[in-house]
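In the two assemblies presented below, subunit A is common to both, partnered first by subunit B and then by subunit C.
Up next, the complex of A and B:
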């Protein structure tokens, strides 16, 4: 008996496979790309979406949680919004369609990802990261557009680049391969927004390489609607002395999985992850992170702050792998959580897998409620309880926003956070 | 201004009774010192006055300008003019000192139906008050009380008091951890606020602070009751002879 045929597809699985079937002949791609797509969709059909029995999906049983998939609506319209910070160059992606006609700053080359699918140069990048890479599979099967950016060696961008993904409804699958040349300096804001309350599903994969000596800040700001599913993935590869500061804010969505998969490939590489998860309502938000310290003398720090209200559920999985040769690795991971209701829930699973013997690695996780002494102190100065609580929650996350050494950006992100808190606290 | 009648209170968590039938009256314009040995209920009294929820009042009442305040939230009491200078000011990383001051001042004004301060007016007031207390601008740029020395924390408390212009000031062991120079600065700050329509309650272990903030009345607290009241000479008596005689006489 064939086990693969024993799986009865769920409504969501059927909808994803149907979305593919319906678009055959229309999805961009040359022979090589189409053959990868076929394989990925076949895998999806036979293996199904991951369940809690798949280790990396243990706390996010996608097969159960993803009940339905909204159909794509090619006629749907989504409006651009203002840049997060003034002066930013905005690359607009609306309902999955990238508009790449904007003026790229000097040193930045931009290309439509659809063209790379059409000429086949995107085929190799469509490969999944492993058998449980459901996001890579869904995205690789259905991706239609996105942008390819390449930043020339030595380019220093003063103003941020904003990749602005606005979704009104339906589904969209996008990809962003970005290569930062040697000694580049840049800030990129990957911003996911929704314009209305209609349900949507998006998958988006950013695949970045950071060249020698480059110093890059990458922000993922996820503010989708309360009915939306967000499947995000960022992959990165750091060359020698490259610095990547990855900053993730989740402040929206109903079902969110943001994966971060990276590796250090050159000595002196430094990675910094800062994550803020603002969770409310009945949402489920999972941040899953793996980092391979593959060569000696590389460093990383990861700090995740979760604020969980209502009946929301949060997940943080962080796995740091230190290869046998990666001596002198220095890695520290922390996950701190404020649980603000009895029904709020957070699962944290930090892991270290160390094969080298001369390293400094550590991890810690804390879960707490608002500090009552601090709350009383603020109230004793005349600040009403609601406002005092909001200030303390804000303080808990503001600490790490302020690490970003960019005043307008810090202000913009702080305003996103306080707006969210005003609405939920 | 303040009338405490037969107050009984206990720790909410374990029911331990701390205040056992306390009576105290403080008039407008008065500086009242409350002294007493460790564990007599001094700090508890300050927390109950300011509305900390860890304590439960089981009997009696606290009238502030004739109004029973026991049902009011800590923030409402503060807006009505009750200020507690903490023995251990609380560090709050992530909350900027200036932002905190502005929110506190404006929330109190809002509660009282007054207009919020404009930013220039707010800045002017803070600058002036900080200079009086010899508080460096750098200190105000740090997160609230974070990295402040003991003396800086106490000065910051008095700064808040000066800015919030309360009617009833409760100073809980404000002298603890202060060297003599810092003590003088803090005492000057308090004395500058003395006025006919403002009352001050100074809670202290030692006579020392009372050399600088001279009280009109002195009350000895023991086992949750005021066992003796007098004028400032009572403080000198305590300093010379300790609490034993008074405790014995009251027993």
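Up next, the complex of A and C:
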């Protein structure tokens, strides 16, 4: 039997390939970029979207879940929105088109990613992370724009940078290579919004390198519409003594896959992941994380909090790999879930792969309803049940927001959370 | 924290080049021709004097197997197995089934003597053993003897080889065989359903507490043979049985296949305790030879408040692919899995459990400890799931792994799936969270924290292992004593 035989394509697969074919003369890129695109789309055509038989997609059968892909509409218009926190420098990308209004602060160089595609400098970065990297494949094939940021050595930014992705409908595929120089200090907010209830599909890849001794906070706030598909990926590479605090809030979307793939490349690197997934309605949200502790003496902690209402499905897959010589690695991962509906679903797969013998690695995962003793405690003090529940749910997630050492930011995020909870709880 | 010296020494004692059971016995055997075909299955079935329906059952499984593909998801690597290059039936000449002890070939008896398995009832009664243990001895493809059958019969317990049971208790077999692990379950289980040769059958009727430990000892002796064991244990309402199996094989350069299926069925308020000491030949220090152990073990807590508990000490086999599971179907049922898996040399272990919560108020507990040394790979793979209607499902999972040396790998792959909001699942990889109450109790009595933790975690396992009749019990106990110090999640 010929195993190479092409699969029978689903409507979504056909739509993705058609989107590529339709734009083929129009997609930016030099020869090298176009050849990478061709390969990626060809792979998509022959292998199809991943199914649950692909281990990293075990709980998100993209082939079945991705029903149809909306067509891109070049005339669509989306408006710029207010910054999440005042004072932030906003770089706005609307329906896939980057807008350079707003002055970049000192030390920050900004360039259109479309230009990098055109001159070919983006070609190497388009490579997928592995055969199961469906997001990298879709995005690499169809990416049209985005921003390239580079923060000069020693730059310390007082106010956050906000990369704002606003989508009204259709498709958008964007990419954000960002390099933080040595000893930089910055907060970046990557915000995904939709302006209306129309269906849209976006894929977005942020590819960041953190230089020696840099201290970076990166926030991903995903608030897309209830009909939207969000395929997000963030890749990172940490140099010696670099610190990255990655904070992800998912509070929207119908089909969401947020991937986080990183590695530590220098001793003393420290990674912190905090994730809050607020899941309701009929949504399916998958947060998949891999971290390679590749060198000795690096640390990481990951805390994921899921709150699942209605008929929502939540997935967390986390994999920590400790390479052979990465002695003295200290990695701790926790995934806690409040499952608040009998029609909801939560699957967690916290994996460890360890090849070094002098390390400390641990993981914990819990799934439960609200603690009834806590509920009782509050109700005994005269707080009505629904309010007491809301308080406990809020406390469950707010706890990790407070870890952010930036008051306006904490307030802004807390308000996002409480607005969401008011609507769903 | 690296492993402590004491642990390193203990693991070294059971390293692959220390394998004590690698001797080979020359016995005249009768074999089926090499290869696998419908004719071979007819041959096996005829050898076992099986009724027609059993043969059909096997052939169905075989036809399905032909359409299946070998699973590749486990974290194990091995060259492709040529299923046509194996003998599927090998029996000591003249044996067609278990007989009385006097009729058994003295050479075979010597084997069991050498392995430290008590087959002589008198000896056991004479106080050689502390407690009575009934043994079913399976040698290659046949059961050579089953002890204490008469005494068990008086209590109403049926303990015999599965081949005998198919002839003598066809109704029970028809009613239960394949109901927990269907013939279509997975590649190896389907293969097993087609070609299984022997194994044990246990039936404990309503209200009976089995008066002694039951045990089966599996020995592969013949070259190039696969052993396909099939075990079926049924505990009716309010019954209790404790069963243990042990396994060894000679030291050989080529790999041999052991593909077993074990099915447990616990009805209302019944309890089955199943322990395994798996000590198949692990291959030599260069990774040559060893048993491929591809096993499907599953227990079905069919009745309310039933309980199934799996305990395993895994030290042998070149490759282990084994997930003793519990289907918690009955309301209030309970599943337990306690495992110690030690891999040395080039061994590869991918083992764990599945706890499938279906009924209301079901609970399960998983304690797994993996120790990897040499250039081995040790993976814990487990699934805990609560279905929509599994109200108040509870699970506690703890898996620790320990690495000795920097050439081996330890992996943890838990799958946690909750579909009911009243489910409460805890997956722990740290040592600090085991029952605070018990810990407090020990500390209060002056036992230091670490000793207390070891005591508590290992307490469950110890209780079963101390009763093991085999020589191996000594080593097993040492393993249990291994300090938790230096363990990683």
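Operating definition for what follows: the second predicted complex is superposed on the first by the 418 of 425 C-alpha atoms of A that agree within 3 Å, B and C clash if a C-alpha of one lies under 4 Å from a C-alpha of the other, contacts with A are read in each partner's own complex, and residues count from 1 in each chain.
Here, contacts are C-beta pairs under 8 Å (C-beta built on N, C-alpha and C of every residue); 3 or more make two chains touch, one makes a residue touch a chain.
Predicted, not measured: the structure shown is a model, and the values here were computed from it.
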Open item on the list: In the overlaid three-chain picture, which partner chain does A:324 touch, first (subunit B) or second (subunit C), both, or neither?
Closed with: second
TODO: Using the superposition described at the top, determine whether subunit B or subunit C touches more residues of subunit A.
DONE: C
TODO: Scan A:369 for contacts with subunit B and subunit C and give back first, second, both or neither.
DONE: second
Open item on the list: With both complexes overlaid on chain A, does A:395 touch subunit B (first), subunit C (second), both or neither?
Closed with: first
- [ ] May I ask you to decide whether A:142 touches subunit B, subunit C, both, or neither, giving the answer as first, second, both or neither?
- [x] neither
TODO: Go through the superposed model and pick first if A:359 touches only subunit B, second if only subunit C, both, or neither.
DONE: second
- [ ] Pick one for A:382: touches subunit B only (first), subunit C only (second), both, or neither.
- [x] first
Open item on the list: Quick check on the superposed pair: does A:347 touch subunit B, subunit C, both, or neither? Answer first, second, both or neither.
Closed with: second
Task: Of all residues in subunit A, those that touch subunit B in their complex - done: 372-374, 376-385, 387-388, 391-392, 394-399
- [ ] Spell out the part of subunit C that touches subunit A in their complex, as residue ranges.
- [x] 1-3, 73, 388, 401, 403-430, 433, 488-489
Task: Complex contacts: residues of subunit B adjacent to subunit A - done: 50-54, 73-75, 78-79, 83-84, 86, 89-90, 92-95, 100, 103-105, 107-108, 111, 143, 160, 164
TODO: Sort out for me which residues of subunit A touch subunit C in the complex.
DONE: 55, 58, 324-325, 327, 337, 339-369
